[in-house]
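After this come two complexes, each holding subunit A, first together with subunit B and then together with subunit C.
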Partner chain A sequence: MDAIEVNHLHRVYRAVIGVIRRSIKEVVAVGDISFAVGQGELFGLLGPNGAGKTTTVKMLTTLLIPTSGDARVGGFDVVKQANEVRKRIGFIFGGERGLYWRLSGNDNLRYFASLYGVDPDISKKRIPALLEMVGLTGRGNEKVGGYSRGMKQRLHVARTLLHDPDILFLDEPTIGLDPVGAREFRQVILDLQSQKKTILLTTHYMFEADMLCNRIAVINQGGVIALDTPSGLKKHVSDLSVVEVETFGAASEAIEKVRALSFVDSVSIEEHDQRQLLMVQTQRGAEAVPEVLAALDGQRLGRVVVREPTLEDAYVRLVGGNA
Partner chain B sequence: MHTLVVNIRLFWQGTLLSYIALFHWLRPVTYTASKILMPLAQMMFFVLLGTYATSASNINFYVIGNAVQITAVSGIFGVTMSIGNDRSMGTLPYLFGTPANRFALFFGRAFMHVIDGALGVVIAFMWGVLLFNLDLSNTDLSALGLTILVTTFSTCALGLLMGCLSLITANVMFINNTVYFLLLIFSGANVALDKFPLWMQTISNLLPLTRGIAASRLLVAGSSLESISPLLWQELLIGVVYGIIGYFMFAAFETVAKRRGTLETV
Partner chain C sequence: MNILNLFRYWRTVLTVGQITLTNLMNDGFILFAVFFQPMIIALLALFMLKDKGADYGLFVVVGSGLTGLWSSLLFISGNSINDERWNGTLESLVAVPIPFEVIVFGKNLAHVAQSILSMLVAYVLAALFFGYSLTLSQPFLFVISLALTVFAFVSFGLLIAPIFVMYRSVQQWQNAMEFPVYILAGFLFPILLLPDWTTPLSYILPPYWAAVALHGTSTTTLPLNGILFAWAMMILLSVIDLVVASRLFTYMLYKVRVDATLEME
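Presenting the complex of A and B:
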């Protein structure tokens, strides 16, 4: 039995627009999504903003009723057997909300333990152990309102493990964490996987997905457009290589010129304070370099590197971006 | 059996924590001060105004009415906040994602406010004795205590219903204030009910507090528990009815929010 089975999930939101002349607009958040996650698998859900990731996670965590289609989590139907599902899952929607800020970390955990019906004898031992696991030892007595954002997110991890669920849904859990915190967080995720937990993870950090996930579904505009292992996804772009050019304040016309080159597949730009990193995807490999540099003539350039494609390159091609 | 234990525990935790949250919000000193001074302020205002407008011989009427009315502070504001807070904290998805028994969850939030509200009324009665010569020598004090508890319960039950409204409206404080002042008028704390036109009396009779205040006045005047017990039963019934309506609204809120996808939006 798969831990998570999703069959043609579909969800439409009705939004009322306007105050006086009210009209109803329908937004298809999830068009038609199907996939299955095996027991103990760490499964990634990637896709651009508004692709329907959170909506999918909400339906799988019993917080939203699908418009049509169905899904089973831990073998139970997410609508008809919602309570059975809830007993077996933990979930986090990224960010710092969703905790009682006026209460201490310990009190928050105690309350959620009682909501999950955890025996007090067990929660008395488990709460300190979880606080230690997420690096909040000694801070449990402080009010959550005084926690930093990262601390609140760590507390969310502890919260969601109180009842020792088999299946975890983590929607952008590392959003807004500092690099060290995010790294620790990824280690926590790996530890959880080694405890045989099934994890569904959404993230916008491609290296994170590459490093953590066994398989990845890329969704766009409410549908699955690719589903494979990270290396399998990279094969989509194995014909490509990437010319990385460091520029300092390159003019957008120059970048457009690069984009217009016939052998250039796409160009994405990473902004760093003073400099930009142009990532030019092309099938020509190193031979493309002279013409790319010619197109950038007159711009201040730094390092130029030709490298193998990454998951991010595969993603960019899949979602069709000249991002 | 096991389920029962789990639910009782949940009830208690909710009770305890909504109270701790209240304490963190109002520091213990602030809390104590407001607990002692707030009844005094309301009583001074209405007792002085009432006796000035009518006659000094009516003083007991205003003292008792306003002392019992104090329970609406916890019953309406306290209870509403402890439910409505979940929307502003963004905890609703996490709450509704648990398998917790919604009944224990819902009523646990209100319970501490019953104690808190009753305490407020007791303090208000003490002010009555100290400052306004309220004479309790003819009063069955345990019957008065029971009346206070029952009245507080029914007021909190109305508060639960308002708490549910606070989950679907953005304007909780406005609604709360309105209800508080409506209770102040309709409960008969400051106006004898028979001075009201019939339609107003009907509303009074459908609200909590009204019978509790009437019963308290009778008890202070020397009536026995037996003679006021019909009032108490009715007051209790009103509380149960509001509590049940509130609970079903809470359950309906959850269902509708999941269908419409409005768990996090107003």
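Presenting the complex of A and C:
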């Protein structure tokens, strides 16, 4: 039996618009999604903003009712057997909210342990062990309001493990964390996987998905557009190379010129303060460099590198090319 | 529901209540609703009634304490679900195996228990600053009345919280609902002073019967059968509140999961 089974899940949001002339606008958040996650698997759900990742996670964690389709988590239906699902899952949504800031870390954990029906004798032992696991030993008596963002995220992990769930949903858990905090957090995720927990992870960080996930589903516009292992997904771009060009305030017209080159598959841009990194996907490899540089003539340029494609390049190609 | 579940729920209610009290300690509004507002009301009433004798002193102590209870119920318990939503904790509470109404019951119990301090504040004011000799006429019956009052207020809070979540137009009247209940429930003045048509409204309010029982057992104004009747009404209204609240919670939890309103919009 799979830990998570999703069959043609569909979810529509309805919003009332207008003040005097009111009308209902329907937005399809999840069009038709199906996938399965095996026991003990670390499964990634990738997609651009608005692709339907969080909506899917919220349906699987019983927080939203699907418009149609069905899903089973731990063998139980997420609508008809929501309470059985809740006993077996833990979830973290990215960000700092969801904790009581005026309470200490210990009190937050004691509170949620009680809500999960954990015996007080067990929670007395488990809370210090979980605080140690997430690196918060000695900080449990401090008010959560004084915690850093990374500490709050780690407290969320401890909270979600209080009832020792088999299945975890982590929705962009490293968002907003500094590089050290994010690295520590990824180690926590790997530790959880080594304990045979089934984990569904959503993230915007491709290297994170590449490093952690056994399999990845890429969703876009409410549907699954690819589902494979990270190396399998990279095969989508095995015919490509990436020309990386460092620019300093490159004009958008110049970037459009690069995009317009016949041999360019796509161009994505990473912004770093005054500097941009243009990533040009092409089948020509190093031979493309002179023409790319010619298109950027007159712009202030830094280093130029030709490299093999990564999962991010595969993702960019899958979700529609130019980002 | 089996005994084991009941025990588990009660244990959760106590933990939730205890931790809610800790959480409330730093909230400035709570201090106002529980301490300062009843203190101001008690001071005004004690000045107005200072020549009326010791019984009136006690009437004011109990009455101003009830104003604190009602304000706490209306604003803190009434908003308890919306507060969780604003805090970003509502999703975490809905997605636990313990029924959500058990959690809200524990929170309301903490709010109401804390606001009993209002009565103590008024008592200290009357005894120390106005020199009233305050002795409860029927202390044992008073304690039972107080326990039933807590139960009735907690149950009433369980009814109004989901209404405030689902019907925001009702919540807009929250401020306007504070003082009319002070008057209709007879916290500080007997309802006999009010027009006859208001009497049925008083009778359907649990705070009215709480005021009858508490005033009646702190002073000697009410015979035993009157006290027993007030207790029975508190229990009856509490049971009705709990049954209706249970339905409302089921409907509300379904609706927020369909409408996707567990989070702030």
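As a working rule, the second predicted complex is superposed on the first by the 322 of 323 C-alpha atoms of A that agree within 3 Å, B and C clash if a C-alpha of one lies under 4 Å from a C-alpha of the other, contacts with A are read in each partner's own complex, and residues count from 1 in each chain.
Just so it is clear, contacts are C-beta pairs under 8 Å (C-beta built on N, C-alpha and C of every residue); 3 or more make two chains touch, one makes a residue touch a chain.
Note that the coordinates shown come from a computational prediction; the quantities given were computed from them, not determined experimentally.
*Asks:* So, on subunit A, is it clash or fit between subunit B and subunit C?
*Replies:* Taken together on subunit A, subunit C would clash with subunit B, as the superposition shows.
*Asks:* Considering only the touch criterion stated at the top, classify A:263 as touching first (subunit B), second (subunit C), both, or neither.
*Replies:* Neither: A:263 stays clear of subunit B and subunit C.
*Asks:* So, A:207: does it touch subunit B (first), subunit C (second), both, or neither?
*Replies:* A:207 sits against neither subunit B nor subunit C.
*Asks:* Based on the superposed arrangement, let me know which partner A:248 touches: subunit B (first), subunit C (second), both, or neither?
*Replies:* Neither partner.
*Asks:* Which residues would you name on subunit A as touching subunit B in one complex and subunit C in the other?
*Replies:* On subunit A, the overlap between the subunit B and subunit C contacts is residues 13-14, 58, 61-65, 83, 86-87, 89, 91, 93, 97-100, 102-103, 107, 110-112, 114-117, 120, 159.
*Asks:* Give the list of subunit B residues in touch with subunit A in this complex.
*Replies:* Interface residues on the subunit B side: 6, 9-10, 12-14, 17, 20-21, 24-25, 85, 89-91, 93-100, 105, 258-261, 263.
*Asks:* Per the contact definition, I'd like the list of subunit A residues that touch subunit B in the complex.
*Replies:* 11, 13-14, 55, 58, 61-65, 83, 86-87, 89, 91, 93, 97-103, 107, 110-112, 114-117, 120, 143, 159
*Asks:* Sort out for me which residues of subunit A touch subunit C in the complex.
*Replies:* Within the complex, subunit A touches subunit C at residues 13-14, 58, 61-65, 83, 86-87, 89, 91, 93, 95, 97-100, 102-103, 107, 110-112, 114-117, 120, 159.
*Asks:* Please give the residue numbers of subunit C that touch subunit A in the complex, ascending.
*Replies:* Residues of subunit C touching subunit A: 8, 11-12, 15-16, 19, 22-23, 25-27, 87-89, 91-98, 103, 254, 257-260, 262.
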